[in-house]
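Take a look at these structures.
In the two assemblies presented below, subunit A is common to both, partnered first by subunit B and then by subunit C.
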Partner chain A sequence: MNKTQKGALAVLVITAVFLIFSATIPFAWFSDVPVLRILPLAFLALACVVMGLSIIFFIKKQSCCEVGFDERDITIKRKAIFASYIALWVLICIACIVPSAILGEEGSIKVVFLPIIIFGVFLFSMLVYSIAILIQYGWGGKDGQG
Partner chain B sequence: MNRLQKRAWVNLIMMAIMFVYVAIRFFVLADGLKEVESGFAGLLTYLFVAGLCVLQPLLSRKKDQVHFDERDRLINYRAILGTYTAFWLLILPAFLFPWFVLGSDDLVSVHVLRILLAAIAIILLLVYSILILVQYDWGGKDNE
Partner chain C sequence: MGKAEISNCIRRLRFEKGQMTQQELADKAGVTRQTIIAIEAGGYSPSLTLAFKISKVFGVSVGEVFQYGG
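Now for the complex of A and B:
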């Protein structure tokens, strides 16, 4: 695995944990069960641990002859950035147009939803970026390995 | 001029027309003309979008096309990367500033979201076009 793949895998894992963390928040918000109320905190702690492990995984070389970074990797990275950029636009358009479709022309939303929208869009675009990289390397298959 | 430069120029010209119109709307039109003018605003917006939609594919036609090589792809990639960065620089303050100023419990109209989206899209189109033209030295001799 080269640096790009390791980075993409680390981002994918961190993003997945953060998405699960985000999904647990409504449960904690509306539930009276004590276990469910501490669920987001547990996932936040897990996200921090996973983030630390991912950074170590990203920095630490697997072997002395770990693959370098060549022209093909640059092309893969560029394509992933394109995919992420397109996904970003699709998501932000959906996030800005869906509320008016649901609530009507005179509707309004709480201001607290604005940072949540941005956080969600950021997580999904990172997810698309990592998946695009891993798909192009064949999910770390033979072609992508050193 | 290749298709990237042509598109960038079309974007800039269309936006210049829009900005002139907005300037006229705010500074020149009298109150009595407001009703006529509001209908004209909608028409002009549709014309702007239709103009972009029609002109962009026309400019991408294969015939009379200057060769599009690796350097052009790199320029396009850099412009998109710059636009991507500008996207985050714009959207973070646009979405976080109301939260800091108004607080969590205040309400914001759904119109605001669409206006923010449209404003950011127009600014990013401008950034993308300028980045393309700057990298080509504004269509100087080297790119002919």
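Now for the complex of A and C:
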């Protein structure tokens, strides 16, 4: 597994944890159950632990003459960026249409939901980027023997 | 990534060059081992620069390493 794959895998895990964390916020917000109230904090702590572990994952040294990045990685990254860009626009469109479709033209939402929507859209975009990279590398499973 | 139209005989040339490993070839060509694996499997078509680098490692012409539509 090279640096790009490791990075994509780390971003995938961290993003997934953050998305779960974001999903638990409404439960904590409207719930009277004390356990549910600490759920977002638990996931935030988990995200921090995963981030710490991913740093250790990255530290692993490569030999001095081993190439870490080449033209294929650039091609893969370029395609993944394109996929995440498309996903970003699709999600922005969805984020614009869904609230008005649910609440109606005269409906209103709290201002606090705006950063959550924007943050969520960017998280999903990063998720698409990581998945696109991992798919193109074949989930790291096509590592043949020399 | 789909299968490339360019076929190659890198695997044969590696074994003819004293059982050269994919890692050795990758280091000499300045790419990762995964890229060599992908090229050998026909999953990735290298750039012209990389094709020349690989053929230079084997000391043969590009046409002897890569064949179009083969």
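Just so we're on the same page, the second predicted complex is superposed on the first by the 135 of 146 C-alpha atoms of A that agree within 3 Å, B and C clash if a C-alpha of one lies under 4 Å from a C-alpha of the other, contacts with A are read in each partner's own complex, and residues count from 1 in each chain.
Simple rule for what comes next: contacts are C-beta pairs under 8 Å (C-beta built on N, C-alpha and C of every residue); 3 or more make two chains touch, one makes a residue touch a chain.
Computed from a predicted structure; not experimentally measured.
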Between subunit B and subunit C, the one with more contact residues on subunit A is chain B
Query raised in the report: Is A:Val112 touching the first partner subunit B, the second partner subunit C, both, or neither of them?
Result: first
| said: I'd like to know which partner A:Tyr85 touches here: subunit B for first, subunit C for second, both or neither. | reply: first
Request  = Considering only touches as defined above, state whether A:Pro99 meets subunit B (first), subunit C (second), both or neither.
outcome  = first
Given the touch rule stated above, what does A:Val13 touch, subunit B (first), subunit C (second), both, or neither?
neither
Practice prompt. Kindly classify A:Met51 by the partners it touches after superposition: subunit B alone (first), subunit C alone (second), both, or neither?
Written response: neither
On subunit A, the footprints of subunit B and subunit C overlap at residues none
In their shared complex, subunit A is touched by residues of subunit C numbered 1, 21-23, 26-27, 30-35, 37-38, 40-41, 43-44, 46-47, 49-50
Within the complex, subunit B is touched by subunit A residues 78, 81-82, 84-85, 88, 92-93, 95-97, 99-100, 103-112, 114-115, 117-118
Subunit A partner, complex, touching residues on subunit B are 77, 80-81, 83-84, 87, 91-92, 95-96, 98-99, 102-111, 113-114, 116-117
Listed in rising order, the residues of subunit A that touch subunit C in the complex are 2, 65-73, 136-137, 142-144, 146
